[in-house]
């Protein structure tokens, strides 16, 4: 089985961490096809970064599907462009936020999320709400450290995360914690050990779910919201300069 | 890996069908530990059947956990006793309704469910709503055939299902269909072929998800809603006749 | 009029308290037919206890209906097996959680619940949410005392409850409090007096509502979700050993 | 016990029907104190009629409370001014829409409402939604007959209602029907008999619930949303002409 | 363009403040037609005040429409009688709560409301919720000062508001604040300057929106919920004493 | 006042239609600064088109803000990139879907949307739901004509729209209709005339609302979800090739 894992941002460090975690958690016989958003922002912190990372990510998804991917994982906690990715791909597409929410709902009755910057809190709240967690998501918290700082100083991130997890356990009555950034993936297991709270990493959850869904043989329905993009000037996968010129007159 | 699949009802025929599907979809190296609710109702059609099937099912879960199960699948579409099962087990517990909803949400933007008897419609609506599908579940439909009739006359069931799936595509704008009964599992792939609509079977979805979650190493959080049952007279796993007698005075 | 009040757990002490409160609040001319779940857990704290108490409770409901009950009250705050009870009975079935929520919504614009153990908080939140209280239920709180400890040391329970009620008034802006356990029923009126907050007891609310609904002459609709259980091997009220044996081959 | 039943509109015919039903359903020993909105609109069909009927209704509630009412029933299906009534009264106030929704939720898993004019459909939908019925209320239907026409030609109303109830059973899978107008109360039982569907009348439900809640001894919480109206120029129960004149300068 | 701004209460001071703000924010060429509820309560604090202010307000709306109003603004934060006003008027009707919520949702991802008395908190919560703000409204807070006290001692109100706004920024992560009382309108801009948080005034928002909607040429749909009130004894705009007398026999 | 109206797609014909409508509805003294997504898809039909149109649109918003825009209108019914636009701009940003929903909620109690292709139905449902319309949006319908076909054959579009509007009035009880595509703007007024249903055009609504909000002086809060994008390699407005190269090693 071949799982395509795309880091939608351009950071090589984060991409490498994602790759290490994905390979570690994958089943024997699974190949991880690891890509990143080459011209994308170095980190995704807010709606604009999210918007800018989607077009290069869609190219990676199309290319990976052509290379034979059995499923795709979007390894950014905002699940950027997930609807578009499901249009572009036939094979299942799984975001790490969606995957970790699904897993958290199986293993706890109430959970909280801990992310990087406070500006991402409303984005994640809306996302988690859209995935139907409702009041089962107690709270979204932030350690107030930018994404790349988490990546660069994992020890500082670890300390802040441990404190926030304990606060979530005490104040939110959270039974499990979702790490709200792919750059925190390698801290997951030690945080569980330190805090005594189940800590869930989205890359881990998504890679395993991708294998699972790929193995069912089910593919993305093309009957409605996720039908393939229509061919058009300026559309996906067209060199449409002539047509665009015509439209402009 | 060892996946415990429990059919909460007592029907041997349905248990065998569930076993065939589970073994077929499981990864190489996975063992399916198949059980059923020995003294449970022969089929589960309504709240009372559901209530009666849970105590024997919990015994099966405890026993399977003791035999080394890495995860448990509850193979009845009402997901009966899933909260209790998560208290009794440490290893992940996955219901086939929850699993198929999670998978449908990954592969379609809108889906419908087709079940057996109309009396199960409100039960399934509430369940699917509780899993957060909201308006993404367009409709719950019934073919008006009892569970055991589906099991016994798969050809009749197939005809009725195909008609209802086409109606769901046309009237509900459903992009995918979830089969709302474990006794329909073996009809799934041919229904996809016949109708051109993605049809999802809960046993397939749940067995694959069980493997996936088991492989993460995460286990059920014992911090809150899913903490182990407390020891008490009449409680789970106690021969409590003496204490019960004392309480009664 | 004859109101059947079933304590789904097996504790004689709690049953007696429930009986005293029920008889005190009942109208002149109403007979309270008091039963308990004879082989059920001694207290209901979590999903497993809840699951185990339902089958014996259903037997009590059937027997009481045969004895001429005009309505049934389920005197456990989790309202265990309420859907099943409505299938088994024709006469109205009222849970003490549902009753107290309905009454609280008539008498206050915002309320909180105070229960025994923190593990029951998510269960009660989901229940109250299912009854449509939405944001009108401000909070579910726990005094962190097991059910039987509440029963046995009412004075300790009273002190903890008074403190939690004052906190709910101050922090939640609760205008009324629902006591989240049948074992707190006899503390209700003195808590109102002590705290100056309207305190609502579910047994009181449910017995009065049971009389009210019974007096309308309306009975449970048998057209859909609450139709009588179907007859089947292993089903409700069948000695089905032969059929179960046949099914198993 | 003394139950004050106020018909918020001024129609004597409807008031008399409401009185007959209330007295018939009330317990032995209950006195029905029947009033109407003397200067109010003759029927309540829309937001403006509703707004105009509230001030005279509040006067009736205050006067009835002074006469010793133990509870109040607002006998119009829009539950007009229910929040204001709960401020003005200390004794419980129950609207016939709220009462019939609470009863329908106890006796069926899904219900529909049938009212008079289509213009009332959005009003009732919002009301029923606010009472938390959610998807358990399948539909709100109208027979397209004005309130006073229902009152005047009960036979025509009966025919239209029977047809709409059968449609609700077939198309909505409604298990119970709520009659959405106090002027339909006397048709209730024969409609149940004719259609085979449980039909619920709000006056019946509310009078019984009023007795029930009054019997608990609980009264409206005055701690927040339902605190007594503040004294002020132009406020409730003040001859405030001097103060209003002062304010106007 | 002619915008009718009605202060539903009778306070001349508040009416004058509302008039000053409305005239200041209106476009060149817009005339503000300012009225108040002449016999209405002096301030609106709770459901009863709200109920009493609506009938005189509806008269003002009808009269202003006859004078040629292009739109109407209801300048009380409870948006009293807004449905009735939309029945009575053909031209657009805008409440200051609704207007400020719509504007806050355009300019912030999360906001809080600060109002006068705590008793108004549940009323405003329900209103804001009905306008679909959902979790985007973080909190409704109160400074615990009556409406007329705010009007009379703007300096005290300013100090309390500034403190509450800072608390909302810190504790609710509010990005914007809505002032929950028309009597706070003139404090708005200085509060933004002092606190560094975007503060939104409903009168400002509603007058501008009224001009905007009036300029589209769209008018209130008369097809359903907002159809004109039906003519009837005691109905809007009828001297119906004869008919009411007839009805009463 | 200067209102920037951006058509996120690249079609010159649609841009011109949008410009005509915007200029016609704008107040005297308002300048319409009209732009389009130069390298964007020719029409926006699905998630991928939406994703591709956002980066060029954000450039237009930044440039228009630099040219002195007082507010921005996003003239595509999917409101693509609205969160990102609010980060990039300080001046208010209004989408035509959001604007038309806000206006429809002021003028009707229930409305439906009519759009182009069925594939856009789930997208619009989710959007309208996110704007809090809830059950007040009765239905989203499609005429099954691509965006550019609507633009090119307005007469065909008009016929299909009129039929669908009549169906919405009859079947959905819609009191108002929102046109779900900017390419339908010029058909709006004649459709109201033909059908007798209030028809609302998003460009009209948004331009008027943009003027309104700009006139309040309020600007987008930069305290949380809509804070300016952070500067970073690959981020918005950076020639970041060197940094991206560094990150990649």
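All chains are identified by letter, namely A, B, C, D, E and F, in their written order; residue positions are counted from 1 within each chain.
Keep this in mind: a residue touches a chain if its C-beta (ideal position, glycine included) is under 8 Å from a C-beta of that chain, and two chains touch if they have at least 3 such contacts.
As the structure is a computational prediction, the values presented were derived from the model and not from experiment.
Asker: Over the chains that touch one another, what is the least number of steps taking chain C to chain E?
Answerer: 1
Asker: Which chains, if any, touch chain B and chain D both?
Answerer: C, F
Asker: Mind checking chain E against chain F and telling me if their interface is mostly the same residue numbers on each side, over half, or mostly different?
Answerer: Mostly the same residues form this interface, as more than half of the numbers used are common to both chains.
Asker: So which chain is farthest from chain B, going by the mean of the CA atoms in each chain?
Answerer: E
Asker: Please report how many Å separate the Cα centroid of chain B from that of chain E, as a whole number.
Answerer: 51
Asker: As a quick test, compute the distance in whole Å between the mean CA positions of chain A and chain E.
Answerer: 43
Asker: How many angstrom between the C-alpha centroids of chain B and chain A?
Answerer: One centre to the other, that is 28 Å.
Asker: For chain D, give me the residues that contact two or more of the other chains.
Answerer: 83, 86, 109-110, 118, 121-122, 173, 224-226
Asker: Provide the full list of chain pairs in touch.
Answerer: Here the touching pairs of chains are A-B, A-C, A-E, A-F, B-C, B-D, B-F, C-D, C-E, D-E, D-F, E-F.
Asker: Where on chain A is chain E touching in the complex?
Answerer: 118, 121-122, 125, 129
Asker: What does chain C use to touch chain E in their complex?
Answerer: 109-110, 135-136, 173
Asker: Per the contact definition, I'd like the list of chain C residues that touch chain B in the complex.
Answerer: Of all residues in chain C, those touching chain B are 9-13, 37-43, 45-52, 54-55, 58, 81, 83-84, 86-88, 118-119, 121-123, 126, 130, 146, 148, 224-227, 229-230, 232-236, 240, 243-244, 247-249.
Asker: How about chain D: which of its residues touch chain C in the complex?
Answerer: Touching chain C from chain D are residues 25, 27-29, 83, 86, 92-94, 98, 102-103, 105-110, 131-134, 169, 173-176, 189, 197-198, 200, 204-205, 208-209, 211-213, 215-221, 223-226.
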